[in-house]
Each structure stands twice: as structure tokens, then as C-alpha cells.
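Heads up, there are several structures right after this.
Shared between the two complexes below is chain A, which has chain B as its partner in the first and chain C in the second.
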Partner chain A sequence: MSASASPSASLGSNVGIVIVSHSPDVARGTAEMVRQMVGDEVPLAFCGGNPDGGLGTSVEAILGAIDRAWSEKGVAILVDLGGAETNSEMAIEMQPEERAGRIVVCNAPIVEGAVIAATEASGGASLDIVRRTAEELSPA
Partner chain B sequence: MIDDKGRRALIEAMAGAVIAHADELTALDQAIGDGDHGLNMKRGFEAVLADVDTISAKPIPEALKAIGTTLVMKVGGASGPLYGTLALALAKELPADPSRADLARALKAAIEAVKARGKSEIGQKTMLDVLAPVAAALESGADPVAAAQAAAEATVPMKAIRGRASFLGDRSIGHMDPGARSSALLVAAIAAKLDEIA
Partner chain C sequence: MAEQESTASVLLTHEVGLHARPSVKLTKLAKTYSSDIALATAEGGPWIDAKSIVRVMAAKAPQGTVLHFRASGADADAALAALVALVERDFDEAGAQLSEKTHAGD
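Let's turn to the complex of A and B:
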């Protein structure tokens, strides 16, 4: 399953955030935290679950989430475990070339990373800064 | 030259092997991974089977491309992009009527693509530890099925470095890698069917 949080007015001017979890509940809950803690200034989308709706991730759902959170400034993806990362990288490669270079997977914990990345993004930071700030959360 | 009937038989043999061993693959994955490998691979190959009429009508490279895309979209775990990348890379490398030498060369190139996709190397307890010996056997004239079986067994004492199994560290030792097992199953199914139809 997948769904996006409600979009808002200032979209396109800030980096978008995509949350990809094996669990639809974790993805939705993480997005709720981002919305409550950061607000509506960033394009935000989430997806979780495999193509049958069980635990897992789906390239198709990730492609949809990237579309919903798309911003000309790019999209930062936060993932939980291995398959979420591999499937997100696959989804990035399947994007048109002009988009693929502006989408990154952050090596950061999903919940904290999403909140920090969205906080940076809401201040108008570049994709590179958004990613680096989220990745500072990861142990070296 | 393998015709559409042969391509259908190959697809059905691959899907049949994965589906018949889905529980075993899941059990292996429950020991050292997240326990979804059998289920995921079954879902992917059921989706391939659902489209077998269309896929087997295509020449080998295009058929492999369709299989790879289906696995990427339908498997739902890391094995989707990994097996999908393997099939898509083979699609790029293989001619419509491949020889054994073509297979060896294409598999070597596809192994590099899988390494890049999984950020993994040989010796890290993954499907690569089966695919690399199979490519070597194809090249040297040895039996690829025996090579695959021995290589899958050889993942038992290995320590996982990549994927969920790597969280277990030393505790991943003593279990066969599920991706190595599914690769060996696919190699055996393809080889048996090729012996029959070629």
C-alpha cells in the first residue's frame, strides 16, 4: 500500500522527502511525525509494503512516491532496511535522466533522518545539504 | 535455436523450481535474513508465469528484459532488483541464439551489474558466490549445475557481510545463503531444460 501526505502551497521551492519502509504503518507514522514537527513546507510522500500489501517494499510504489514528492530542487529518500534501499536505488535508475541525478538515498536512520532532512529542506537547503545533515546522524 | 516453445519451457522450469522450493527458501531466509525470500521470489515468478504467453513469444534478449522488469516490479524485496538486474544485464549481453561461450561472457558481465546493484563482492555469502563459479564452469567446460550446487553448499560456513544477514555477524555462519540456494535452483532448472530441448 502507499499514500501521500497532504501537499501544500509552497511546493517546488523546497527539496522533497520520500519515506520508504517495509511497514506501511512505519512509513505513515514517520510521515506524520515529519508533518507535525516540521510542517507543510516540504513536499512529502511515503510508501510501505510489498506489491501484495505485506511487509516489504515495492519499486512501483516508490516510483509513485517520488512523483508525489517531486520538486525541482530534488528528492531525498529515507529508507529502513536493505531491500528498501536496493528498491529505491532501482527506482532512481528508472527515472528519466534529468530527474535521476536529483534524487538521493540518505544513509540515515529513517525516523530521525526524515525529520532532520525535512527540517533542513523546509529552510530551503539544497539537496546536498539535506542529505549531509541527515547522514550526520549515522555512525561513521 | 530455441523457439517460442523452448522459451516457454525454460520460463516454466525456472518458475516451477522457485515456486516448488519457496518454503525451503523462506526457511533458509528465516535463519539468517528477514524470512521473505521464498515468498518474494514466488510472487515474482508467478507474475512472470502470468505473462508467459507474451514473454515466450519474444526473442531471448527481449524475453529476459521482460522477465527482469517483472521481477523488479513484483518481487518486493532486495532480491527483486538483484535478480531483475541479473536478467536485464543478460538481456543486454546475449544474442538471440546464444552459444555456451556467449552465456559465459554475458553471465560475467551480469555478475558485475549485480555486484554494483548490491554493493557486494564475491565471498560475502550472496548469490554472487554461486553465479561466479557457474560462469567459470561455463567457460572451462565444467558442469555448471555441479558447480552451482557445490558453491551454494560452500556459502554455509561463510560469514555474511551484506544484507540483513550481516546484522547477525558470526551467527550467520552455519546456514546456507538463501540467494545462493535460489541461484543454484535456477541454474539447475535452466540446465536440465536446455539438455532436453537443445
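Let's turn to the complex of A and C:
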């Protein structure tokens, strides 16, 4: 299995966060850090691992995670390595038209980026600000 | 009309300083106020935006630092009172620290 739902969360008032790692353990652990450090007011979902239980990412699992974390304010995706990013971009392209422009992949380290993006999102910031804050972590 | 600026300072007693979790709490609390709020680890600055999680974490203020706040805006005084109280309460983490210590001693 490769995914898990966000618990309480989503009023649709805050940007959602999706965590996509090659490792289900990294994805779950990162989500746990977000929940413990930031709280429940941000829609959050994660996925990791391929359908066979190995390391990898799957477009289908990412699509599911985006649905679970979906917010009218949009969704910020944090990824680890190569395929996580390309598969996330593919999942974004497959979204219905009404979500166009409201899902972004952040160019930030997955753990730190997720905590910081969620902190920013919890204060009601826009998707663009959430992404830019997470990306402040990375050298330009 | 010049806007009224309020200031406050408080001793950071939290054992590990302004690390990740306290920074998140401080920033989240600051964001709930409309006033502009700045934070410094020395009286003369440099001042950083207390609502910026990246800047607050980067300040890496250790235990024993005196945190200086200044705020301007309609709810400036309430914001400062709340932030000072958060720091004085050790970011509500005393319990968590105790249990971490207990586990470390296992």
C-alpha cells in the first residue's frame, strides 16, 4: 500500500500539503512531523512507494493524495528525488480544468519544506506565498 | 499620523532555544495578529519578521537569549502580550521535554 488519508483537517480555508517520497516511511514520517509541529488545521496527505511495496512513486497514488488534501486555495506538493517530481507533474497535468493553476510542486527539501509550507498555510497564506516560503529554504 | 509602536522583551528559557517547534509556535501565534511584528535577539537588532518561519528558525536563538519584540498596528499590545506569554510558558513544551528525558534515560 502506498497512501494514507489526512485525519480531521480540511475546511477548505487553508492551502493543502501533499508529501511524495520514494519511501512510504519517509512520507509517513514527514507527515507525522507536520501534524505534531504544525497541527491539524492544514489538509495533509502523503504517498510513497510503488504498488509492489518497493521504493518508488506512482502517479495514481499522487492523484489520490491530491484529492485527499484538496483545498479550494490549492495544494502544495513536496517531493524528494527525480521521479517524485516528474510523477507529481504528470498528476498535476491530469487534474480537471477547474483545478488548473492551483497545484504546485515546491522546489524545497521534503521534510523542512513540508513543515515550513504547512506553517505558512496554517496562517491562511495563499498558495503562491506558501510555495515561496518553502522555497526560501533552497539556495537560488 | 505616526503609528504607535509597542515593544517588549522576554528571556528565552526553553532548554534548546528557539529551535524548530518553538519557532513554528511563535510564528503561528504572530500570524494571528494583524499588526506588523518584528523580533530581534539583541536590543539593537537586526530585526526580523516574526511571522516569517524561515527567518525565525534561521535566527537560532539559544537558551538564555533575551528576545526583543516590537509591534505596530491595531492589536500590537495584545500580540506582544501573547508572544511574551508563549515564551514564558516555554512554548507549552515542558511536558514534552520531560517525557523525552524519561525516554532518553531508559
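Heads up, the rule we're going with is that the second predicted complex is superposed on the first by the 136 of 140 C-alpha atoms of A that agree within 3 Å, B and C clash if a C-alpha of one lies under 4 Å from a C-alpha of the other, contacts with A are read in each partner's own complex, and residues count from 1 in each chain.
By definition in this document, a contact is a pair of C-beta atoms (placed from the backbone, for glycine too) under 8 Å apart; a residue touches a chain by one contact, two chains touch by 3 or more.
Since the structure is predicted, the reported quantities are computational estimates derived from the model, not experimental observations.
Who does A:119 touch here: chain B (first), chain C (second), both, or neither?
Second partner only, chain C.
For A:71 in the superposed arrangement: first (chain B), second (chain C), both or neither?
neither
Give the label of whichever partner, chain B or chain C, reaches more residues of chain A.
After superposing on chain A, more of chain A is contacted by B.
Give one of first, second, both or neither to describe whether A:30 is in contact with chain B, with chain C, with both, or with none.
neither
Once the structures are superposed on A, label A:83 by its partner contacts, choosing first (chain B), second (chain C), both or neither.
Touch status of A:83: first partner only.
So in the superposed three-chain picture, is A:59 touching just chain B, just chain C, both, or none of them (first/second/both/neither)?
After superposing on A, A:59 lies in contact with chain B but is clear of chain C.
For A:21, decide between first (touching chain B), second (touching chain C), both and neither.
A:21 contacts neither chain B nor chain C.
How about chain C: which of its residues touch chain A in the complex?
Against chain A, chain C makes touches at 20-21, 24, 27-28, 31-32, 51-54, 57.
Show which residues of chain A lie in contact with chain C when the two form their complex.
Going by the criterion above, the answer is residues 37-39, 115-116, 119-120, 122-124, 133, 136-137.
Which of the residues in chain A end up touching chain B in this complex?
Going by the criterion above, the answer is residues 22, 50-52, 54-60, 81-83, 85-87, 89-90.
For the complex, give me every residue of chain B touching chain A.
34, 36, 39-40, 43, 72-82, 84-85, 117-118, 162-164
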